[in-house]
């Protein structure tokens, strides 16, 4: 392991003498860089997808959790007592963060689709809606329902549980799906970078033979190739990541303008990913090239 | 790295060494030694195993049986790095001289210095002039003629002022005049203490060398290495 | 062009004599096959994505178009006339396919969230809802609104236009996004296959030189490489497509079980895509290899 | 394809032909012809341009100026396919003999037949035996010795019974005994009508040939091709 660290140091400091023995370009090099760039592009896309899916899932879960309402139906004169009893129950329920009794105007807005704008709200025996905002832990809907039955029989809890469950499951699936894509892409990246390193090295078998014959140590040979190929992978990955970020920004802007894909994009600390990806690629290329070079060397004395 | 060798120690020593590519032995039970400062030729018909023997002496191949010792150390017991350092003391001309095609001839000739982390020699121009490559110094290997490549290979073998020179048919593609010139160079180096071993089928070359200095001729026959007499 | 068709025929009939002169494998070959497989995998995924996005967009548009309602508010005694007037208008409006006057029970179900299950529907001055199902051409909402204002002033058209527009735009964006991905992947596929062909051929420059020197015609050389590389591309693409279909089926089954991604998958005639993709790859490899081989040959006499 | 050539027509004819790799001419104003059935040697110091001249005679290079005619047709005016068909009438031994490394020696030697769509010759075994490669017929090219590769290259050049044989240093890595044998083979073919041109720096080989048949020696000197006298 010590020599690997020494080698990484050498990689950063640079040893042009060793680097010059590696043929500079050729189509295998282009193929390597292009494949790496493509993989990095996909990689950054997949990361953003996974992060966005996570965000979407979180938002769904939050908004669904928020949307519990309690409906109090009572005749006009008993309404005030019924609402007060309900509020008492809600205020003493674990997991309920805050409650809000909707004003008449708010209620009217909600009912416009059903009764038209000219509805006579005042004359209608409208029920009273109470919005329940749970804490992050959430409350137990069955427990609350039972308590309301006992202490405020006019109140009905509507926690939207019926249609909430499949949506939450869908969000979880979405997260799983992105993780699946992410690992698929990770495997592909590893395979492509490894294969590219092997292909490039086996195209250089003659070079390695010549170097070894004129007295080069394994260290020297490995370093020369590792340096070149690692830099190639980093450059390819950087190009891919930049292209990826441009594409993501375009998409997310276009999406925002259309009120769509609003959660798509990089935010806050996640901006570190584009920096990390090329380094990961470099590290991958480093070990793949090193292993391939040493394997080729082992066939020679 | 013991850079100096004892006066009496043999540079190359084989004890009951044999080598086989597959099942049947190509070279078997070879025992001979080469003293420092000596000048040897190696002959034998095409396919006899001359190149194979030279590869054994350069640790490119390891003996199937027996021991091959270089500078007093058995190649079997050397680490890979030790073999690399050993090669810096030996100049090699391969039969099919391979170069790095993307480097100029000068860079190729200086490659042994590059991999050893040394800077170019002052007398590089002199060496290039001697092998007649001054005007091709910046050419790439594929742009050289067969003979020019062979001369470049010899220059690469000599660039590090090695203690031993192993040359496999170094004049196969070179005209007689230039061959004489190269032989003269090797004889001069030998007089200054370099051990020389040349595999060749050019009997004229051996005769010429014999007329100048004391040389010994090794011959591969029936899978064995023999010292040839004066019956050339 | 004639020689190209002759060559394609030769490709199918097979000429083992010509094929044997091409080195069989090596890491460049593996890299080619692997890259091609990855690209085919992505390709089939992108195609399915684009098709599914199209389907989702269609379904959204359809469901949204279906959801127009007309709300008739009138006092109980005038209600019947008002509804009849509205129905008359609707029945004579171009683009309206069918209409359905909702029954009391249906209306009650819709109002449960607002008034609780025990609501006194009978005593409430409920408006009457009429569902409007447009023809595939759809109707002109502004025109209908004007006509209603004149002929049935108690009716209000709610075509959900307010929240329909962004959704339709989102669906279009989704389609555009998949097309964008699809063309991105198509470009990448072309680039990777071309680069792979070039890399493999330049690794075989010596072979081509030797062949030409011993009297091979350009035709012979090109055919040998084109055959090998085209088959390689087809095999790689087939592997990728099979993997892709497996992944898609797994995902779409998992999705269906979760009531999610229900539109994801191949249906009907779209099952031709997995057959077409490898052929497209083969065609691409054919032309890329041919061009690269002839370019390499042109450097030699 | 005119498979037969007129009796009096020259196989190879150069008229004021010159060739330059860059700006300075390597070979200039060459005018000479080679009659069918003749036996020529080509000599000159290393780097003089022997291989370059042979490449001109094989249409691997096209003359910078003047014309090179093969079988009475100027190479400048040939299509690429015509050049390919032309090469099937000429057997070539390249100086650095390249083979396809994934094919066996037999397959490599039969490559000219393969690309011409012909089946293997009956007397393949005989040819292999003559060049001493019977026991290496199934080996891969990298497993051959330098001399074995050169002999295989000669076998590949002869497999199609060509009308002309162009050989570039075919004995550079081969011992004298085997060289004699190969020369005998070429002399026999020449007696049966094959035109032979050998580039070599091995004066012994030329002398030996001279003692057997009528040969002419071309020499490259000062960028020109001259017919050498008896001053070898």
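Labels for the chains are A, B, C and D, by order of writing; each one numbers its residues from 1.
We adopt the following convention: a residue touches a chain if its C-beta (ideal position, glycine included) is under 8 Å from a C-beta of that chain, and two chains touch if they have at least 3 such contacts.
Source: prediction; values computed, not measured.
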{"item": "Shared chain contacts [subunit B and subunit C, defined touch]", "value": "A, D"}
{"item": "Remotest chain, subunit B as reference, centres from CA atoms", "value": "C"}
{"item": "Between subunit A and subunit C, centroid-to-centroid distance (C-alpha), Å", "value": "24"}
{"item": "Inter-centroid spacing, subunit D versus subunit B (mean Cα positions, whole Å)", "value": "31"}
{"item": "Centre distance in Å when subunit A and subunit B are each reduced to the mean of their C-alpha atoms", "value": "62"}
{"item": "Per-residue overlap in subunit C, given as positions that touch at least 2 other chains", "value": "none"}
{"item": "Of all residues in subunit B, the ones touching two or more other chains", "value": "none"}
{"item": "Pairwise touch network: line, ring, star, complete, or other", "value": "ring"}
{"item": "Chains grouped in pairs wherever the two touch, ordered by label", "value": "A-B, A-C, B-D, C-D"}
{"item": "In the complex, subunit D residues that touch subunit B", "value": "21, 43-47, 50-51, 95-96, 132, 136, 143, 145-148, 151, 168-169, 172-178, 201, 203-204"}
{"item": "List of subunit B residues in touch with subunit A within their complex", "value": "58-62, 80-81, 83-85, 87-88, 92, 94, 98-103, 107, 111-112, 114-117, 156, 160"}
{"item": "Residues of subunit A defined as touching subunit B within the complex", "value": "17, 20-21, 23-24, 206-207, 209-220, 297, 300-301"}
{"item": "Interface residues, subunit A side, partner subunit C - complex", "value": "26-28, 30-31, 34-35, 38, 42, 71, 73, 110-111, 113-120, 124-127, 129, 156, 158, 166, 169-170, 173-174, 177, 180, 184, 188, 191-192, 195-196, 198-199, 201-203, 247, 251, 254-255, 258-261"}
